[in-house]
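Next come the structures, one after another.
Consider the two complexes below, in which subunit A is the common component and subunit B and subunit C are the respective partners.
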Partner chain A sequence: MTGPENRLWGCRGLRVRYGGTVALDDVTFEVAAGSVAAVVGGDGAGKTTLVRALAGTVRPAAGTVRRPDRRRLGYVSAGPGVWADLTVDENLSFAGRAYGLSADQLEVRVGALLERTGLAAARDRLVARLSGGMRQKLALAMAVAHEPELLLLDEPTTGVDPVSRAELWRLLASAAADGAAVVVATTYLDEAERAASVLVLDRGRALLAGTPDEVLAATPGLVVEGPARPDGVPSWRRGARWRAWSADGSTPPGTSPVSLDLEDAAIVAQLRQDQPRAA
Partner chain B sequence: MWAMAMKEFRQMRRDRRTLAMMILLPVLLLVVFGYAASFDVDRVKTVVVGPQAEQAAAALPDRLDVIRTAPGEGRRDAVEALRDAEAAVAIVTGDGQPQVLVDGADLFSARSVVTELRGRPELPAPQVLFNPGLETSAIMVPGLMGVVLVFVGTIATALGVVRERQSGTLEQLAVMPFRARDVLVGKLLPYLGVAVVDLAVIVAVGVLLFNVPFAGSPLVFALGALLFLFVTVGIGVLISTVSETQGQAIQLAIMTMLPQILLSGLIFPLQAMAAGVRWIGYLLPLTYFVQVARGVMVRGAPFEALVFPLAMLAVLGAVVFGLSVARFRRDLAPAGRRHDPGQAGDAGQDETAPARAGAR
Partner chain C sequence: MSPPAPAPLASAAGATRRFGELTVVDGVDLTVAAGEVVGLIGANGAGKTTLIRMLLGLLAPTAGQVRLFGEPPSRRTRARLGYVPQSLGLYEDLTVAENLAFSTAAYGSSDAVLEGELAEARDTLIRDLPLGLRRRAAFAIALGHHPDLLVLDEPTSGVDPLQRARLWETIRASAEEGAGVLVTTHHLGEAEQCDRLVVLAAGRVAAAGTMAEVVGDTTAVEIRTPSWEAAFTALDLARLPVSLVGRTLRVPGANPASVARLLAEAGVDADVAPVPASFEETFVVLAA
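So, the complex of A and B:
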């Protein structure tokens, strides 16, 4: 018999349409219990649609979605996902009751989650009076109150300060350590590097997929960096400097090779897709 | 200034619902309400009873529209005919001068008959029953209770549900292991509770402050009020399913409330309206609540006399609520879940795209 630790959730050949627009096309994605997978992409890439399809709130036009029963699914939507006119405690209690926790279980679980999220001091505060980061931590606490098997988060760190982002990722890692399969949609590629696997979406199609190391290793050519924009190769700004992709592995004048990260890999993949002959 | 005006005009042009309300609705309302706005009752339903019923009926003025003559019936039957709203006037013939009984709960009919008969000394003086002083408050307050229930039932419900959508929490509810009916009923119960408390308070205020009689059965009244609430809450949910924002919900709620207030017989008597708009009144729930409330409170009408308006409220409730639940369910579970949250197996579930949707 397959134990929970071996379960895989995700989708195969998923296509989602909104009217005549294809939001996702032939996307295959899997996440194992106890691991964190990141879905990365720019605006309109299809991240939210993928998370919603995994959650079951949008209907696939083709393909298969595999998810646990709703009682064992946790979800943090891109919207607030919390009730602003309830207190922190009331929000957590509602989530716990919705997922069938008994009064005793609820008391223990709410106490533990408040401690873990650092919200204990704010438990009687109305959510409307919380900061953005605190709200996101509460939304995450609500989503894990019932210890779900699959935890889906749609851009939980967007608009959140760096300290809160780090804390949210600590909580995500903790949920995975407890055995949950965690899917995080994000626009931040630096965050994606913390995940066990990454799916980069572009205009509804999978651009890159695999572990961060696999994605980096699969990037052809060479990424170089220099103080000025090099001629003759596709380039992009990184801070005050310029990076460029050399398809043939040569080093343009005035640049030197750098070890690439996920952001570079995603940009290169995008360039290869937009300029197939450059590859 | 022009930049501001142009921006506003562009926004207005894209908000087609508001634009339609601003341009078409006033015209529509003026035409409909223009035909409805009349207090003049030309024909008053009349029953004539007693041994000389036939002769008396033949001698009545044109305004009294004789719908039934019953020589074998007496005063008691005549009073029951008024109580059950079969007629607004009953003529009781016998050995002496005929008695003219008028239903004071049918205020405008009663006033027109009383005025006419007082100007004709050869006819007997009318006796007004149920609302002897022809008090407007005795008639308006029971109907206004319906308006208060519309406010609570329709507007509060619509706003409550739309607030979930607008704040993004409806999506959260959709993922939680609730059935659509759990969400809907759970969401509506507090509003229904508040509406019931409201109802008790306004009945008490009506009776104690405005001296409105409460002649009939509180149970029949409660039944009518609950059925009416059922419809108004259903309209509220229906509005919420077609509104993205609370502003849109309020616009639509007002569009359902105005006709109810003006075409239900609450203010203008239905029998005074042009036939072309009167039928609209017969589609509105407040019309039937007004009949039940006035019937029970003012006339003391029994359940049997109010079966039709109660049944109409039940039918309207079933239609509106059924429609709103179907739409709400679609909003809440767009993926068309096939598994009841309490029934799915431990191994999770695979959702495969429907064959037709996936076909090219």
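So, the complex of A and C:
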């Protein structure tokens, strides 16, 4: 029997260098079996490097990575990850065989995956003729063909429309419901709100980490909103209105407190980091 | 009495575009007035790109009417328009300053100002800039000739939250100076920044109004249970559009009683309650 400590994957004090550039610096991140964790950040924040380090394709300069055996790992890279000149069926069979599934296992598993991803009607279609959302679903199906313990996805929802995005998240949740630990890299904080835990990266460092509730609760001061830009406090737009961060918890004139979301929490954390005197 | 509404900067009335047998845009009404930010939201294939191409004057409507500044789109109306595609439309192997010079020559004038980090990067090739700065360069260049109408495709995708907030500050400042802004996007975070939304599904307007109006009384069913895995599997097998939020499950547009029955049949102990749907959930219901 596997103890719970064996079902926790991630990294501790991870540092990754590309030549002279530090891509990740002292990053600690954990994901438990049966849960979805989100890694969030903009272009260049280090998301891809972290996913690659967890997958074992990047060698850390320092720190430790804890991952299952390669054959118990599923990985969807940010690139296409599917073969455009093969059919949907052929892609799935190819992935399944690569992970050592027998012909019988393969038939059952491919059928179930086609059903679950809604790709059954397209099984004989060439991948080159699928929409972006369908390709992402296929790539995900290929990564879970062998029922991995750790599933890693690098920006699976970038450029994907909301309907396909909802379906992709349903597929991720279903992998977690089957017991996988799922790591999703994304640039969107509204997606991270669905995850059991969140790591926000900024220039290779952890900016925020914890469950979404922990991250919100750990934000110091007060986030307020008003119709005009308040004086003397860092502020940002939210639609036609302004939001601002009051470090001392007071409410600036013309504003009222609002309950913050992860987007606000990340903005506050970036402001505190970039302007330490404002904090 | 309120003053008369100013004429819209851009409008579509019953705009329809067919390609052979296929109707891609089907009787769409849309207006963008001075000073407002309108979000055009739709799944892939909903007709967003075709509608934008008609508004830009690149494609004629098969039926209905499209107007820019009160006239059919033309070369003249083009000069009053700023367009930033998702791919940004910059020359990757020219510097920031060279891209600006090129655009200035095309429009006859520009007083685009390269400020802060962008000023420091003026002699850097676009392809060597991080995405956030590339986006800021595209904005500065598109805004340089003070367009009356800005058309932006996924204007902040790929950047971090603070950069996103700063880009929206620029967009909002243009609107406050009187420009109309039309944003096409996939993302809730961007839809939230708009004054009004037009939701396209299968070429038609499925909903329009503020985000609160679009969501209206759409509900989702929220499921709290100590065994979310079993509940998820049962609802997924029943082909419901179930989603996981932390350890809570949600099913947009579903009937609470039938969800409760399905869970009872699967032997899952759960609290089931209707809750207001999120914008994204409403979108999934509308697009279905």
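What we mean here is this: the second predicted complex is superposed on the first by the 273 of 279 C-alpha atoms of A that agree within 3 Å, B and C clash if a C-alpha of one lies under 4 Å from a C-alpha of the other, contacts with A are read in each partner's own complex, and residues count from 1 in each chain.
Just so it is clear, a contact is a pair of C-beta atoms (placed from the backbone, for glycine too) under 8 Å apart; a residue touches a chain by one contact, two chains touch by 3 or more.
In this text, all values refer to a predicted model and were calculated from it rather than measured experimentally.
Taken together in the superposed arrangement on subunit A, subunit B and subunit C fit without clashing.
The angle formed at subunit A by the C-alpha centres of subunit B and subunit C is 100 degrees to the nearest 10. When the shared chain is aligned, no partner comes close enough to touch A:253: not subunit B, not subunit C.
Of the two partner chains, subunit C is the only one touched by A:202; subunit B is not.
Looking at the shared chain after the overlay, A:67 reaches subunit B, while subunit C stays out of its contact range.
By the touch criterion stated above, A:232 is placed in contact with neither subunit B nor subunit C.
Using the contact criterion defined above for the overlaid structures, shared-chain residue A:20 touches neither subunit B nor subunit C, since it reaches no partner.
In the superposed model, A:161 makes contact with subunit C only, not with subunit B. Touched residues of subunit A were counted for both subunit B and subunit C, and C has more of them. This overlay, made by fitting chain A, leaves subunit B and subunit C with a least C-alpha separation of 6 Å. Subunit B meets subunit A in the complex at residues 167-169, 171-172, 174-178, 333-337, 339, 341, 344-346, 348-354, 357-358.
Subunit A meets subunit C in the complex at residues 34, 36, 41-45, 116, 131-133, 158-167, 169-170, 172-174, 176-179, 187-190, 193-196, 202, 211-213, 236-240, 263, 266-267, 270-271, 274. Looking at the complex, you find that subunit C touches subunit A at residues 37, 41-46, 130-132, 157-166, 168-169, 172, 186-189, 192-195, 228-230, 232-233, 236, 241-247, 280, 283-284, 287-288. On subunit A, the positions that touch subunit B within their shared complex are 7, 9, 15, 53, 55-73, 75, 77-84, 95, 98-100, 149.
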